[in-house]
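Can you keep this structure in mind? I'll have questions shortly.
As written, the chains take the letters A, B, C and D, and residue 1 is the first residue of each chain.
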């Protein structure tokens, strides 16, 4: 991401999963803004929401007999505009890339049509024995919610 | 940062300001780990601690007659190892770069000598009228806490 | 409150203001329940919601030229049942009593029709000079949202 | 508790367990005070600290083969003075009463020698099958950290 991020990132329509979230009074800091750490929590909430919609509660895929042990390896957030309380924000979430043992989830927060924050999160499938390949059935589910689907033009 | 970050980043001695922090019970998530959002809050605490030590309470430099309106523009965190509760962690903080209206603060969290997380935060001096140059007296204070000081070898 | 609280407290219909709230992933503790401190934050959110609906944003009554400096003097919560994530809960809020400089706000949280928690909060009007009488126009607004209105039977 | 609480409650010496805690930047609300919900989290931290000191990590008594499933049934807090950031506060904790299946923990927060908040918390031993008697070995441990021990004067 950074200063030169892809403009497609700031369009809600490019995210397959959307969740509406409301900051809380306690999310404000002493300056009266919704704090940057609270915004990280809102992005987490949206990611967990997509994972739950996809895999079922407790991160257990309905077809799986055990929960998926997942840890965050990297989170980066660009704060593009102010987030206010009270307010209502839509957060778009999608999968950006599925690696061997990791998944990139991309998110964006919108105030109306205006993108106020972007978040990239790298999650790793990590049982007690260390990073392990993402199970094939989870991999297939993740590819159903890719952000920015490749546009296939019939004429090409 | 990312996968190929500078190894100097994971040495506590390279950070001019160090703060010891303890996760709280409420920082644990349902998996029993200190949550990645809580780790973001710990990094914020250390950054604020350095700013306070440098500029005085309420982000007011003692020599300044007014508080500095500062907002986060970007925060990125690499989670390198597990953070546990209960536990005690040292967080190193320094200035990585001073731009015209922004400052890069670099931080790292240590479990003993082991670096468990890295954080880069870009803060912008932003009065109500929009981004504005960092005041000269603050700029000078910030340069006294640079991380990774350039090594000047006399023989060169 | 305590063990022998009024059964009227556990009926949503007895609260003039109702807000629907959703716990967040980060509200769970390491036992997988929504933590008791997070429940306190949800009650705060509902109280602030009622105050905002009544007095306007920033606790400023529309008819007032200045914000009301209010602090919590006492909060007590009875946890009657488990609060789960994910979930949706309705929180009822009303005024229980208006004192000279303080207001008792009474709240209850519901899972469907089942009351899972009760909260009493005493808020004090406290400018920098110390506790002060609740302004008359605020007092009048507060009496429009009393919980458990006294039933006046004409024949008695 | 309430307005007429026992003056012994506001003396740190009456609490067998003491923990020093520091509010965080994120604990402040938009008014610049440490928020009342954050104070509830600080009291929780101190209670968990005492339980850990007494029973071992994860609420497992060293002599026990299984963790104790404990839930909060009631928490009440009196806010007596302002809690500021930055700051350092001592929180005293003790056991007020051991019931059949519940324990009353009493706490107080001090700014220097001044008590700024009191907290009573009722915790219940509640396995999946419902409230159950506090195990005898835990009961004995709890009685070693009673607050306000009855003074036995030999001459009386």
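The rule we apply is simple: a contact is a pair of C-beta atoms (placed from the backbone, for glycine too) under 8 Å apart; a residue touches a chain by one contact, two chains touch by 3 or more.
Everything quoted here is computed from the prediction, not taken from an experiment.
**Student:** Could you work out which chain's C-alpha centre is the most distant one from the centre of chain D?
**Tutor:** A
**Student:** How many angstrom lie between the CA centroids of chain C and chain D, rounded to a whole number?
**Tutor:** Between these chains, centre-to-centre, one finds 24 Å.
**Student:** How many angstrom lie between the CA centroids of chain B and chain C, rounded to a whole number?
**Tutor:** Here chain B and chain C have centroids separated by 38 Å.
**Student:** Let me have the rounded angstrom distance from the C-alpha centre of chain A over to the C-alpha centre of chain C, please.
**Tutor:** Comparing mean C-alpha positions, chain C is 33 Å from chain A.
**Student:** What positions in chain A touch 2 or more of the other chains?
**Tutor:** Correct list: 25-26, 31, 35, 37, 41, 44.
**Student:** Line, ring, star, complete or other: which one describes how these chains touch?
**Tutor:** Contact map by chain: complete.
**Student:** Of all residues in chain A, which touch chain B in the complex?
**Tutor:** Residues 1-2, 31, 33, 35-37, 40-41, 44, 69, 71-79, 82.
**Student:** Show which residues of chain A lie in contact with chain C when the two form their complex.
**Tutor:** Touch residues, chain A against chain C: 24-26, 41, 44-45, 48-49, 52, 57, 86.
**Student:** Help me check something: in the complex, which residues belonging to chain D touch chain A?
**Tutor:** The touching residues are 25-26, 28-32, 35, 37-38, 85.
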